[in-house]
Amino acid sequence: MQHTRRKVLKSGGGAGVLALLFAAGIVRPAKGLAQSGNAFSMKTVPDAMRALGAQNAAASAGILIKAPEIAENGAVVPIAVESRLAGTESITLLIEKNPNPLAASFNIPAGTEPNVSTRVKIGESSDVYALVKAEGKYFMAKKEIKITLGGCGG
Amino acid sequence: MMIRRRMAAAVLAAGAALGALAQSSPEAEIAKYREALAAGNPADLWEARGEALWKQKRGPKNASFEACDLGKGPGVVKGAYAELPRHFADADRVMDLETRLAHCMVTLQGFRYEDATKRVFGAGTNRSDFESLAAWITAESRGVTMNVALGHAKEHEAYQLGEKMFYFRGGPHDFACATCHGESGKRIRLQDLPNLTEKAGAQLAYTTWPAYRVSQGELRTFQWRLNDCFRQQRFPDLKFASDASIALTTFLARNANGAAFNAPAIKR
Amino acid sequence: MSDPMRIRAAERDGVVNVKVLMSHEMETGQRKDAAGKIVPAHFISKITATHQGKTVLSAQWGPAVSKNPFLEFNFKGGKKGDKVVVTWEDNKGETRTDETTIN
Amino acid sequence: MKTMNSGKAVLIGIAAFVAGCASVSDQEASQKALAMMKASFNERGQAKLDRLNQDEAQRLCSKPPTQELAKDVAARIEKENLASIRYPADGKLIGDWKNGERIAQSGQGMQFNDDPKRPSGANCYACHQLSKAEISYGTIGPSLYHFGKLRGTSDAIQRYTYGKVFNSQAFSACSNMPRFGHNGILTEQQMKDVTALLLDPSSPVNQ
């Protein structure tokens, strides 16, 4: 089941498809970030999202993932996420192809701009998902980042 | 401080743009990657450690580096790196920064040379004092114009032998420094290769070392840069502070004369 | 003991830009050492930034955040001269707190 | 004469100035540099000090790439290197392009930190474009995309391709390309696989 979902996710691509899949999946009570410790150990994006209670996240153009499309080195990939959604409460980063996709989650209190920047490891070329909780609901966006081999390669 | 960082970012971006004249999409994206990295350089962490180390009393003689002469008089750090390597009369030898630091650890702080140079390249939590010290000392030359004088006969000779070494082909792959760094507009994989035989390339390359190497999560010095080039050239292991390492550094540093020093930088 | 963070905080038009560099290995727990043994996971798992006692950002991280982590964010309401305090805690329970003055 | 405003002119100036002041001749400088290098490297792993002993081609090619080689010297280097090429006894020059692709991607081998028991790569992508799919390629050498599609797979082309991989300097004195067979970097089977990568019609190089 898990495997199939992952496959569809890869081939289907769009976030809308993903949201539909989640909607069709097992519905669990929504969990807040307090539970994200569990989500960090999940091995797929859908499982991590479900552990966060974000399985119904809808694709949104109000989330901007600012990252290079090609990284010279996967050990350090700069990623900034900006949310233009009113009432943004949290920003979460997931990297699909990493062994544990959930990379980082930020709580945004009132008065802090919904715009954070950090650097993550990406093992191989992968889709990166930004998940935003705004006014109690989850939204998401994604971007593909290519990791290249660099230098003398030895 | 902030302005300095922004300047560094601008210069890095400009350098990347220069290299990617063809402006195809991969090059533009790589330039974006480099620009984003320049916004925060972990070399800062090494600079802070280096400044503390410089002032700390250490070794059998319980002395700090503050009496160490980097060429502009005891304790003068500002701008010193932009004039290195140079001949030091007290040792009658041309020395680069790291060789001079090892010299001060022995003469001022009383360390045995073997102990002083036990860890010249750091790995993770096993850090090298040389890398921390070099981060801070080189940062104190940021914006200073490179000016390696070659006024002494031994400095001339180091330059001349360094040049020979630059073109020396050897090992199972027939590689010389010049194999990768002797022509303009070339790249290895997606990385632009500076042509070190021309002024612009020599300047861009030399003034951006030391650098925080994101692929390793370490700050690397020029001694490391040369050692790792020769590793990839399939040569044996270039000895730290060896005459050959200093000669080649002299050749490359002198060729960067006239450019503003701009390191520690951040690189792939 | 871990090394101090490098924190920069600059105020412009009522918005404070905060940049933090942390000295940490961020071991994933998946890497093998030279002897082929797995290096145990060791990473910063929690971060809190406060201004005048109020939390301006908190975060939970996994080991996918890069070695020597970098974090940048902006908050409103800070003045030049105020303090910004950042605390991290890693998965082994070690913590570190540093502060800087907004300029 | 072109306008002398380039950085190169300045560098040549410096070099001339330095050479003018120095007390030793060019040949003496070469000898001194070699002695200095021999004292400045440590043997480590498989990389012994004998790697600093140059053969004739290495010695003659230790020059700026812009400096032309005399025609007779170039011809001599090419002749000697051509004589060193050994073709497989079974006469088959085309191996498995899939292995060839792996070899082309790998930069492993012969470094002091490499395990000598593991096979070396050829690291072709470091210097050459080969396929459409791999965007991370270098430009030190020419693009080899469509290498076989443009040339076909005649016996002569197969022999040239295998020979070029075996010893690049047989065809181009002082080429930057390693002499993979001559210097024992790749095995015979590996060179067949790289030849296949370049020539096999189903290889990504020829799509």
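In this document, chain identifiers A, B, C and D correspond to the written order of the chains, with residue numbering beginning at 1 in each.
Here, a residue touches a chain if its C-beta (ideal position, glycine included) is under 8 Å from a C-beta of that chain, and two chains touch if they have at least 3 such contacts.
The structure presented is a predicted model; accordingly, all values stated were derived computationally and were not measured.
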Using the stated contact rule, I'd like to know whether A-D or B-C comes out ahead in C-beta pair count.
B-C
Compute the distance, rounded to whole Å, between the mean C-alpha positions of chain A and chain D.
44
State, to the nearest whole Å, the distance from the C-alpha centre of chain B to the C-alpha centre of chain D.
28
In angstrom, rounded to a whole number, how far apart do the mean CA points of chain C and chain D lie?
47
Which residue numbers or ranges of chain A touch two or more of the other chains?
70, 75-78, 80, 117, 119, 148-150, 152-154
Considering chain B alone, which of its residues make contact with at least two other chains?
26, 39, 188-190, 214, 217, 231-232
If you look at chain D, which of its residues touch at least two other chains?
111, 125-126, 135-136
Can you give me every chain pair that touches, using the contact definition above?
A-B, A-C, A-D, B-C, B-D
Contacts from chain C onto chain B in the complex sit at residues 3-4, 6, 8, 10, 19, 21, 23, 25, 66-68, 70, 72
Please name which positions on chain D make contact with chain A in the complex.
105-109, 111, 114, 123, 125-126, 135-136
Residues of chain A touching chain D in their complex?
70, 146, 148-150, 152-154
Which residues of chain C touch chain A in their complex?
15, 26, 28, 30, 54-67, 69-77
Of chain A, residues touching chain B in the complex
67-73, 75-78, 80, 117, 119, 148-154
